[in-house]
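Please read through the structure below; I'll follow up with questions.
Read from first to last, the chains carry the letters A, B, C and D; within each, the first residue is number 1.
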Amino acid sequence: MSSEIRLENLSIKTRDGTVLVRDVSFAFGSGNPICLIGETGSGKSLVMHAVMGSLPDELICEGAILLDGENLLALSAAARRALWGRKFSLLPQEPSRSLDPTMTIRSQVAEIYPALHRASWNDAKTRAMKDLQSVGLDHAARSFPFELSGGMAQRASIAMAHAAGSMVLLADEPTKGLDRALCDVVAGMINHEVSLGRAVMVITHDLELAMQTTGMIGVMRNGVLVELGKADSVLHAPVDAYTKSLVAALPSQWEASSQNTHEPGKPVIAARSLGKSFGERALFKELDLTLRSGEITVALGPSGCGKSTLGNILLGLIKADFGTVERPGNLPAFKYQKIYQDPPAAFIPHQTLGDAFGDLRKRHGIDGASINRIFDDLGLEPGLLARRPDAISGGELQRFAIARALLLKPAMLFADEATSRLDPVSQKRVIDLLVAQVRERNLALMLVTHDHVLANKIADHVIDLSSLSSNGEQRTAA
Amino acid sequence: MKQLIATRLFQLVAVVLIVGSISFALMYFLPGDPALRIAAGRYGPDMMDNAISDMVRAELGLDQPVLFRFLAWMGDLIRFDLGHSLVSGAPVLHEIALQLGYTLWLAALAFVLALVIGPLVGAIAGLFPGSIFDRVSLLVAVALRAVPPFVLAIVFMMVFGVTLRWFPTAGFGGWSNMVLPSLTLALGLAAMSSRVMRDAMSEVAASPYFAHGRYKGLSDRTVVMRHGIRNASLPVVTYLGLQMVYLVEGVVVVESIFAFPGIGHALVHAIIARDVPMVQGTALAMGGLFVLLNIIVDLMCLRLDPRLGRRAA
Amino acid sequence: MTQSVLRNLCASAGILALTMTTGFSAPVMAAADDEVLDIASPLEISGLDPAKSGYVFSRMQAAETLFTVNRQGQLVPMLASDTHVSDDGLIWHIELRDGVEFHDGSAMTAEVVASDLKRAFDRPGVLGRAPITGISAEGNEVVITLSEPFSMLSAFLAHYSTIILAPKSFDEVGDVTAIIGTGAYRVDEVIPPLRVGMSAFENWWNGKAEIEKVSYLAVSRGETRAMMAQSGDADLVLSLLPVAVNQLNNDPSVNVEIATIPRTRLLKFDVSKPFFDDVIERQALSLAIDRKAIAAVVMRNVDLAATQMFPPSIVGWNNQQIPAFEFDPQKARDLLAEAGWVEGSDGILEKDGKRFSITLRTYASWPDLPLIATALQNQLKAVGINLEISVGSYTEIPSGHADGTLEIALITRSFSMVPDPLATVMADYGPGGADWGAMNWNNDEAADLLAALGRTTDSAVRADMQNQLTSILQYELPTIPVVWSELAVATTDKLENLFVDPFEQNYYLSDLRWVK
Amino acid sequence: MNTASLTHLPVELRDGAKPAFWQPVRIVGAVILLALLAFAFVGPLVIGADPLFQDYLAVLVAPGDPAHWLGTDHFGRSMAARLVHGAQLSFVMAFVTALSAAVPGIALGILAASRGGWVERGLVALSDIVLALPGLLLVLLLMAFAPGKFGPLYLGLALYLWVEFFRVARIETARVLALPCCEATRLLGFGPFYVFGRIVLPALAGPMMTLFAFAMGSAIIAVSTLSAIHVGLRPPTPELGAMIVELMPYYSEAPLQVLMPAGVIFLLVLSLQLLAGRKS
C-alpha cells in the first residue's frame, strides 16, 4: 500500500492570534519524500508536529492536512492519536535521549507489537529481533540506550517504525548532534526507508542531508514556505533570496578565506609530546603543536576522537597524562577563552545577558564603548540584552558568547564545535566573524570540527586526530 | 556491588560504636545515680530505696573508675554482649530478638502500604501537574506531616476502631491488629514520597522518551506503566531509603499507643525508666534495621537502573 | 572481605527469618463477643520475678499469698489457715490450708512454702525489712522466728513479693522461669511486657472460676484503654483516666465502677532547706494549695481533695477529730511574712537575699502528676512562690533524696503495698524520713509512736497511737498531702459480679460472670 | 496530559524576561505566613490574657465563647493566649533549629561537592552514620545534660536534621558545578565566590527552601512526639507540640482544642511549602 499526504494552506496560530506558520502547502508520499529546511524557529518543526498531530493545545491549525484524501484536521485529537504508530511514525531528534534509558532496545521495539498488533509477548520478542536485524542492530538487542552511539540509537528508532509498520515516516532533525560520518549513515537509512515505499518527511537545517535525500525540498523561513521544488533544482538553481543565502552558506560554497601570508606570528601556546587516554583507549600520544597569534588551527576528526579534550588540555581545564603545555609571556588565565558547542549551556541560565555583560564589565573594568563596538562588529542588537539565554536563537547566542570572549582581548580562542548546532547561515556568519576577528585582533584560534570541507576552507594548520582515534562509531560525546 | 555492601557494613560498625559510646555517656550523665535507677527499674518506685541500690552498685561494679567501665562496656558491646535489661533483668539480646519480630512485621507492612499509596498518588498528581488532584494531594501531604503520628493514631482508633469497629483499636497478635498501626506509619511515609514521585513523574512525563513512547502508538496507560512509573520510581526508592528514619522513629510512638510489643515500644519504656542497656540495644536494633532496609533499597536501585548495574559490574 | 560480608548477610537474614516467625505466635486478640475475658491494664509485666511484677499475677489470681485483705479491708488468711504467735511474739507458727494444689499438680507443702519465703527474704523486697531470723517447715506449718516482736508480719506475708510458687517455677540458680501458682487461673502464656493468657484451674482449692479463659493486655496509654472499652476490644479496663470516666459514663454498653484507693498524691520536700525548715512555712504552703480545684480539674472529683494524709477508706488511720486542710492564700501570705519572707521586686518572695524559687521534680508514670504540678505552679505563684517544674523519671526522686539535691517533689504514695499502712508509714516518717516519705524530718514523738506501734498488736491501743501520729503529721506537715486517688474500672454490660478492690490486692476475676 | 512542550515555538515568542517570582501560589504562601507571624508576634500584644492564668471555673470552654473566643484548655487557660505564645516559641525554636541544621548542612554539602576526594567521602560516610542513628538517642543525650529545657532538645533535633540538607546540597552543587556555564564563568576570570553566588546558590535556593519548610515542621512535630513519651516536657510553658500532647486526653470533650495547635503547625508548613515553590 502507498500513502500520500497533502498539506493545503496550513496555517498555525497561537490562541492570541499570533501567526507562526502561514499558508504552507506541499505534498509528499510513497517514493517521493520531502525535506523541509530552515533555521530554528522557522516553523518547520511546527509543520511536522501538525502533520503528526502532536501540537500543544495552545496552537490552532487552519487549512487542511489530507492523508489519502482524508482531512486529518477534521479528526478529533483521540482519532489523530489513534494514527500514531499505525500510520505515522516519528524519528525523534537526538534519539539517544528519546529512548527509555532503563529498558533494553529489544523490549522497546517488542512492546509495540502487543500494543498495536495484539501480538503475544513471545511472538513480539521474535519479531522485534527481526526488526533489529533489518537495521543491523541484532547484536545490540540486549543493550541499553546509554550503550548505543547516536547512529545506533537512530537505527533503533527506525526499527521501531518498522515494528509499528506505519507508512508515513517523519524525521525530526535526524542528524542533530551527529558528526559527518554518522550523518551519511543516517541519510542512507532514510533513503532506504524511501525505497521501501514509505512516505518520508525530513525536517533539518542540514543541507548536506537534504542533498542526499532525493525528492522535494521545501525551504521555510519565519513560518512561510519560501521555496519548494526538486532537490537538485532548489540546491543548484535557488530562486528565493534566502535559499540562495542558505546554499551560499554551505562550506563547500565558501571562497577560501585569505590565507595569512605574512610571517608566522609569535607562539601563544606550545604543547610538547602530549598524551591522553580514557581508560585503556588512547586518544592521542606524542602530540606536539604550537598555536601562533593570527593563525587558525583546526582539529579534525569524528566525535570522541579527543579533539575537544585536546583543546581543554591547552586551556588547562584538563590535565594531560604526558607532556607539557607552555604559555609564553605567561598571560593571565582569562586571556585564553573558549567558545562552547552548545551556546545556551555556556551562559548562566537565570541571568539576563544584560546582567552577564554588566558583571563582566565590573570584573574587568571594560568601558561601555568597547562593548557597543563589539556588538556592532558582531551585528548584535543590544535590545536582546533584556532576555535570558534560553530565549535567544543559537546563532545569536553564539555570537554573544564570542563577544563575551573578545571583550577580554584574548590571546587565544578555543572554539569547540562552535557551529555544529547552528543552521548553515548562522554557521557561516559565526565562522566569518571568528576568522575576521582572528585576522583583525591577531589572536590564535583553535577550532574543533568534524567538517572537513569547513576545515579546509579556513584552516592555516589542520590536525587530523581521526588517525589516532580508534573505532569510528562508538558513543557520541555530547 | 561488593563496594556497596562494604560501605553499608562500615556504616553499621560505626553505628554500633557510636551508639555504644552515646549509651555509656547516657548511663554516666543522666541525672541521678545509675545504681539507684537500676534498683528503681527492677523493684518499682515504691519498693526501691538506697539500701537496695547499694547492693546493685556492688553487684554491677558501678563503683569502678569511669574509663575502666567505658572500656568494659565497649568490650562487651564488641562481643555483642548487650548486657541485661535494668528493668526486667533479662538479657537485652533475647528481649530484642523477640521484639524485633513484631517491629519488622509492622515496618514491612507500613513500607509496602507506603509504596502502594505514595507513588500511586504521586504518579497521578505528576501526570496532571497543577490539577485539582495535584493541589489536594499537596494539602493532604502537608497535613499528614503537620499532625504528630500519635494524633493520627488516635483519630484512626476513633474512626475505625470505636465508630466503625472494622479493626481492633489496640493489641497485637493478628493481621487485624496490624492494620491501624501500619496505616498510621505508612501515611506519614506516603505523604512525602508522594511529593517526590509527583515531581519525578512530571519530569518523566515531560521527557522526550515519554513523548516518543506515545508517538510509537502506545496507549497512555502503557506508556505510563512501562516508561513512566519505572523511571519515576528511581528517585522515590532512593528517597524511601532516607525516609526509613521516619519509619523507624514513627514505630516508637505508634507502637506505644497501639500497645504493640516492638522495639519502638521497648525504647519508649527504656527511656522512661532510663534503662540504658535496653536503650542501647533497641537503638542498635533500629540502626541495624535502617542499614538493612537501605541495603534492600540499594539493591532495588541496581535492579531499577541498568546504568548503575553496568557501572557496578 | 566478601566472605565476611556474605556471612554477615546470612546472619542478619537468619535473625530476620527467626524473628519474623515470633510475630504471630500469639493468638489473635479476642473480640468482645467470644468467651475470653479481655483485660486492659496499664501495668506491664517487666519480668517474672515476684518482686518485679508479682502484683500482676496475684491480682489476676494466678498466684496467691499466705494472707490477704478481704473486701472489708481486714487481713485474713488465704493459703494459710491458722496462725499461732508465741507469747513473746518472737515465734510464728503458720498453719497451711490443706489440699492446696499447684497448677502443675504438685501439692503445696510446708517445705515448698518455706523455701519460697526464704527466697523472698533473701532477695530485695518487703520481707527483707522484717526482723526475721529464721524460716523453717514443721509438718504442714511454716515456722518464722523473729529477733523482736513484729505486728505486721502477716501483713508482709500478704505482699505480692511473697506469692507462693511451685518448685518447678524456678531454675537451678533460683530465677523464676514460669509462674506456677495455686490460684484460680493457670498461666498459659506470658509475652512480656504486654500479654498474659490464662485459663481457669479445675482444682482450685476454692472451687472453679466462672470464666474459662482470660487474656491480659498491658496498655500504657489511657486514651487507648478508654477506646478499647468503648470499642469492646476489652471487657474489663482498669484505671481509666478521670477524663475517660465522664466519656464512658455516656456509653450505654459500658459500666464504670469507681473505688477510692489508699493512695495519696503528696508534696515531698527537704525540711532542712531554708524554704521549709520552719513549720509555719510548710503550713503556709499547705494553705496556698486549692485542693478542691485540683481535685475537680485534674481528678474530676471534688471529694478527692485531701483533708488529711489518709483517705477515709483506710480504717483506723483516717482521723475524724483533726481539722481538715484549708485553702486560704491570704493566711498563707501572712504566715510566710511571719517567717520572714518579703515580696521581691518581681513579686517572688525573698528572705535574706534568697528568692523563694524552687524546682519541683515529678514524673509522668502517673499521667496526673504533671497536671497537678502545673496547677500547683500556678497556685503557689499567687503567694509569691516560684516553681520550676521538671518532669523526668521517678528514679530522680530517690536519687535526689539521696544526694540532697531534691528541693521539692510531687509524688504518689500507696499505703496498701503491705495491707497494714503502718509498714509504709514507719518507713516514710521514721527518723530522717525515707526516699518516698519525709526528707530530713526528725520528730522524736513520732519516732516513739512508730516504734511502739511496731510492737503492739492490740488494735484498741494501736488506734489511739495512730490518732496521735496522724495529728502530728497533720500539724507538722513533713509532707503535704494534695489529693487522694480513686480507681476507675470499666466493664462491658455483658459482665456481672464485678468488685473493685480498694486495696488493689485482687481483681476477683474468679467471681466474674457473663450475663446470661 | 500534554507532553509536547513549546520548544518548537519560535524563540521570539518565548517569554524572554525572568518569570515573575510572585506567582499566585507564592503570594498565597506569603500571605498565610505573614498572617501566622502576625499571629505569633503581634498576637501576644493584642491578646492581653496570660497564657499561664488558670481559671478553674472555665475549664475546657468550647471555642466561640464570648469571654474566650478560642475556648480554654483543661486548666481554664485561654487557648487564644496559649496559641499565640506557643506559636511564638515554637516558630522561633523551629526556625533556630532548622537554621542550625541548614547552615552547616548546606555548607558541608557545597564543601563536599566542590572539594570531592576524601573530604567528600568522609562527609558522606559521616552523614550515613548519623542517618542510621535513631535521632531519639542524640536528643536524649543532650536532654541528659539539661532536663526539661527546650534549647538542647531542639539542638538535638538539629543534630540529625542537617543530614538531609547536606545530601541535597551536595548532589545539587555537584550537578551545577559540572555545567559548562561554570567552566565558562571561571574562564572569564570570575572567582569561586561569583560562581557560588550567581550559579550554585540560586540553584540551591528552591530545594533548600522546601527542605527548610519541612525541617521546621518536623522540628515541632518531633518535640510533640518526644513530649508524648515524656521527654522534654516542661509545663506550663506553652509550646505547640507539647500543647497537642497535653490536650490529647481531652480529645472527646474538646476535639477542637486538640486540633488548634496542629492546625497552626499545618499552616506554617503549608505556607513555607507554597513559598518555596513547586518541588517538595
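The definition used in the following text is that contacts are C-beta pairs under 8 Å (C-beta built on N, C-alpha and C of every residue); 3 or more make two chains touch, one makes a residue touch a chain.
Model, not experiment: these values are computed from the prediction.
Undergrad: Determine the chain that sits nearest the middle of the structure, using the mean of its CA atoms as its centre.
TA: Smallest centre-to-centre distance to the global C-alpha mean: chain B.
Undergrad: Roughly how many whole angstrom separate the Cα centroids of chain A and chain C?
TA: About 85 Å, centre to centre.
Undergrad: Need the CA-centroid distance for the pair chain A / chain B, whole Å please.
TA: 50
Undergrad: When the centre of a chain is set as the mean of its C-alpha atoms, what distance in Å lies between chain A and chain D?
TA: Whole-Å distance between the two chain centres: 46.
Undergrad: Between chain B and chain C, what's the gap in Å when you average each chain's C-alpha atoms?
TA: 35
Undergrad: Please list all residues of chain A that touch 2 or more other chains.
TA: 54
Undergrad: Note the residues in chain C that touch 2 or more other chains, in rising order.
TA: Those would be 223, 363-364, 392.
Undergrad: Two-or-more-chain contact residues of chain B, please, as numbers and ranges.
TA: 31, 154, 158, 211, 214, 256, 272
Undergrad: Strictly by the criterion at the top, what is the full list of touching chain pairs?
TA: A-B, A-D, B-C, B-D, C-D
Undergrad: Can you check the complex and tell me which residues of chain B touch chain A?
TA: That would be residues 207-209, 211-219, 222, 226-227, 230-231, 234, 304-307, 310 of chain B.
Undergrad: Inside the complex, what are the residues of chain D that reach chain B?
TA: Residues 1, 3-5, 125, 128-129, 131-138, 140-141, 144-145, 147, 160, 164, 167, 214, 217-218, 221, 224-225, 228-231, 241, 244-245, 248, 251, 258, 262, 265-266, 268-270, 273, 278-280.
Undergrad: Considering only the defined contacts, which chain B positions touch chain C in the complex?
TA: It is residues 2, 5-6, 9, 31-33, 36-37, 39-50, 52-53, 55, 87-90, 95, 97-98, 100-102, 104-105, 154, 157-158, 161-162, 165, 168-174, 176-177, 256-259, 261, 265, 269, 272-274, 288, 292 of chain B that touch chain C.
Undergrad: Residues of chain D touching chain C in their complex?
TA: Residues 52-54, 56, 59, 74-76, 147-148, 230, 233-236, 248-253.
Undergrad: Where on chain C is chain B touching in the complex?
TA: 1-2, 5, 8-9, 12, 15-16, 18-24, 26-29, 31, 40, 44, 46-47, 49, 51-52, 124-126, 161, 191-195, 217-221, 223-224, 227-228, 230-233, 363-365, 392-403, 413-414, 417, 427, 434-436
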